[in-house]
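Both of the next two complexes hold subunit A, though its partner changes from subunit B to subunit C.
Coming up: the complex of A and B.
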């Protein structure tokens, strides 16, 4: 623990700072907001001090020292930006660029490349070497990841990720010096459920995801802090979006959930969620067909139908729906009598990341199964069975209704379908309301260990699709239950007030990093 | 990626004789005894990797992917790690070599004394290119950096025998002498 360690004082670039004993110069500088250039150093991996990019001058030391491994000592005076340190860095950059193809215009990493950044910073614009460059070529290392040997600077971050975090040391440096490259055993591809993290740790464009290759320039992407909805782990991610589409997911560091990592499944699956035929306008049944109408009249129809309903309500919900959506749905159902809500979770095998076992691709391949449970929805294997014989009101929320029985929705008093996509089974609904997918709205998910996390809106919902918490809170207000929520924060606030487990939490407190419920927090404390 | 892209990585250690049985088992008989003795010299198996690779090359003539896997099994190391080490050092043959592995020194001393011409003569007479093995399987010619006999340029080493002061016009006689 940081607190137990002795504090020592060092001066970095003329600023004095107190840091716990055992911190490196690089970490101490980061506390001051000074980012020392680095390649081989990665906060979650061991530091081999081999790239020599982070050399700094320390008063009294006979030569520049690698700041990523050099621990601070009391009274140390460090200069990260003096002439000597700059000269050392320029030398390193010149060597790294000796055989570099300088193919930035066609490189996927352009714009997020540390070689570009530091080459620009050190300012050497001309090549002094006259020898021809060594050309090594490219190769696949997994079926989805391509390795460009000529761009590689041999920082070995990928090698150390596979060794220390994945604990499957399949990558190694082959050859040495200017002939060196990263490879597996001869002509073998490797497979690992967390393999794409090697693309993230690569500081240059050597390892690239073939799925993203040539799709977008990194500076054209809008980045939104979100949560991966692929499983109940709830990895913190950055959504890269372009032209109304999710192009990629990158892990967003959170030491409590996913460190710097996320699984391949999440990256592969959820980018496709926006595809398909989307529900874009509210529709109301007129005799035998659904007719598109505006929201105001759709809500009128909903309120009127609910006030006339005599039976209670049952619901089939998606375990990927947000807490706020589920909460407002439940509140609305309670107006006519809540008789049960059910969900089914698709499952797969659990894959733990051995070097960071807190993180796993969880069995439950849905973001909010736990949140739905806490709200009183029941997990069942066959959701349609739970609704057999029900004659009252039926709500279906964001569930595609694949595998629904032919006669699903027949013989009930009122069938309300809320979905992001149009499903054939929704054709029998009395009212169809379009809603956004997770990337098109904001809200919270509760992960498998009762951690509540916020996701933000990255895309515009198509057509007239509107978040459920918003449309249902308006319907609730019309039914006489107070004022509608003006923000998702207000919706979560009402939820936290009503549901004991979330007491003490607010949308603001959850913030970007999430927060655990009081019960989960004290359970974790007891474990410690 | 294949190792074949780097001609310069073929090489030989002094004790090596190039004509070997590539399918020979690792290890058997006297070689098994030597292998076990090597293990006793080091605190852990990993440390024994280099001498064991040398021993494997002595048996099989080159370090094939199969050899790499087998050595990994014997020493509890991943094949990728063994490959990494074997490819770092130039004295392991990562491709099969001919009966005579001819190493021409192109270090600075020899280079100044026209080592280039000597190397070219070898290539011409054996009808090969650098790092390739002649059709009859007899010769592999490679260039190496400094054989440590700079006072006698140009230095040429054929398998485990060193020839000093080799001139381009002497190459033909040297090759005849081999057979």
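Coming up: the complex of A and C.
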């Protein structure tokens, strides 16, 4: 769209830049890497220019202008860091700090707080006001979000999120001036499937997630770019991890998938994954019990058992397994004869974010159902039915086997269980291989619209658990099918080579923002 | 013969050591009647420590006995020896407090950064050095023990001359 507009030249802090007409000074400055301080401005929301933090000096203008709404004009000369602009900003910060408590040590936002940053950068050392501060207290706005009214700077980002993006204007600024605070008009708490985005947009620590409250300081968290595995939307997220645990998920901006948002379901559910007793060592059956052994002997046993197997292979897989895991599993199954792979997807009601309808909490509550389908696995309602009467080799990949029939795994030639957790049904397996959960490995998911997205490793897998694509590619090599993959990129490369849908894609090309398959890309172009 | 080897000439047989012995004994008797007290009679007598001596920690407490710590996490962040373990939690009033606060005095290098960084002046180093224990575990001071210490706080700087001029 930018291409249709006329380019005009402006000078910002002495650097000339050409930007399309209609851009604001703030956006133009961002192209130069100049970040103008802002509170009320958010790239995905409207700009009311009410915080007055982004004031800049424009040559010829009688007073500083708010850069978040002031559009650039040809030949404009802007100065973002001159004495005048700094003075204006210092004044704004002094006003904001009149009633803001200095409780950074106990505030959840410390370390990621824009008020803290800018006050440190341009504010003054001492408070000049002598009046006592107004104390307003705290309250819940939803059952999971706490609002600290004292810390609020009334930027109204949360109000505008609910109004413009959620299209459910439940939040309002109540009262005026120093008595102002954010609340619902009624006494009741509000519920919205995307409500926790107001915590993300809050530039200070006024809105905090109770689940995360006091758990970790923001500087203690390691951030990893990943994909939310909660549903088939595949929101781009940043995983915040601390001491081998996922503590929180924050949306990672991607205009093609989730913009700046993500749903509450993902944040709430996904942090609990990986809890419970994990499978940590490979095990093989010796007479009537499973014995823990090392990987090389486990792979020996696997290769030996598969080369002796006479019946074909069927599999139950998890729709949350990565493309590479499913691909290597399928390749391995093909060595003994692929007779079918099945998966079951847990579903829930679809929740669309009205102001950004591309994003929804999808019905399929699994990250890679589409990827499994493309790899030839079949979606069924009752996976155990599909395996009834099967007497050959059975693979189970990352599936918990809840509700499996009593005799599941009995009477088959070979039963191989690959899972992150030890399920009771795995007790009948001949070989049990431990694998990491999604946060402990890297790989790709294919979302509902055939967009392939990469997730990175954030945690160390427990014990001897190692990715399926790695262990299975070694087994494949032993069975005489090429070299083992040395990286997940190589595994995806082999997948793209074999499967036509992914042709033209490579692990590098997918990058951090993902890429659509050629077919999906042309379909989208046709719609346009 | 190797270079640098010196041959000592022995005194002749029959030389007397009597004079040297008497000289030494004279000094001994002098100290017997007029002793110079250099040795300190520890532990009956104790050394007077500087108020800036940095010894084992002490936690400041409120009047009701609660630790002043608000569990902000700055001391474990700044600690160069990584000896402070802190797990924050929420108390019944919704306030942040330290559910677990432990300092490993073995790992501590007594730099005083924790005291300097503390926003509520809760954790202090102390003017204290008698930390001997019978087991290694006892050197990990928990919150209760830190609060129970009663030695004076360390002064990280002279209040009359904070910039050390």
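The rule we apply is simple: the second predicted complex is superposed on the first by the 526 of 528 C-alpha atoms of A that agree within 3 Å, B and C clash if a C-alpha of one lies under 4 Å from a C-alpha of the other, contacts with A are read in each partner's own complex, and residues count from 1 in each chain.
The criterion applied here is as follows: contacts are C-beta pairs under 8 Å (C-beta built on N, C-alpha and C of every residue); 3 or more make two chains touch, one makes a residue touch a chain.
Fair warning: this is a prediction, and the values are worked out from it, not measured in the lab.
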(message) Under the superposition described at the top, does placing subunit B and subunit C together on subunit A give a clash or a fit?
(response) fit
(request) Scan A:217 for contacts with subunit B and subunit C and give back first, second, both or neither. (result) second
(request) Go through the superposed model and pick first if A:106 touches only subunit B, second if only subunit C, both, or neither. (result) second
(request) Once the structures are superposed on A, label A:139 by its partner contacts, choosing first (subunit B), second (subunit C), both or neither. (result) first
(message) Taking the superposition on A as described, I'd like to know which of subunit B and subunit C A:123 touches: first, second, both or neither.
(response) neither
(request) Quick one: classify A:33 as touching subunit B (first), subunit C (second), both or neither. (result) neither
(request) Classify the contacts of A:60 with the two partner chains as first (subunit B alone), second (subunit C alone), both, or neither. (result) neither
(message) In this superposition, which partner touches a larger number of subunit A residues, subunit B or subunit C?
(response) B
(request) Identify the partner contact of A:149: answer first if only subunit B is touched, second if only subunit C is, both if each is, neither if none is. (result) first
(request) Compute the least Cα distance separating subunit B from subunit C in the superposition and give it as a whole number of Å. (result) 17
(message) By the touch definition above, which subunit A residues appear in both interfaces, subunit B in one complex and subunit C in the other?
(response) none
(message) Give the list of subunit C residues in touch with subunit A in this complex.
(response) 70-74, 77, 88-90, 94-96, 119-120
(request) Name, in rising order, each residue of subunit A that touches subunit C in their complex. (result) 104-106, 110, 138, 213-215, 217, 219-220
(request) Mind listing the subunit B positions that touch subunit A in their complex? (result) 1-3, 5-6, 9, 65, 68-69, 78-81, 83-84, 87-88
(message) Quick check on the complex: what are the subunit A residues that touch subunit B?
(response) 136-137, 139, 149, 169-176, 179, 181, 183-187
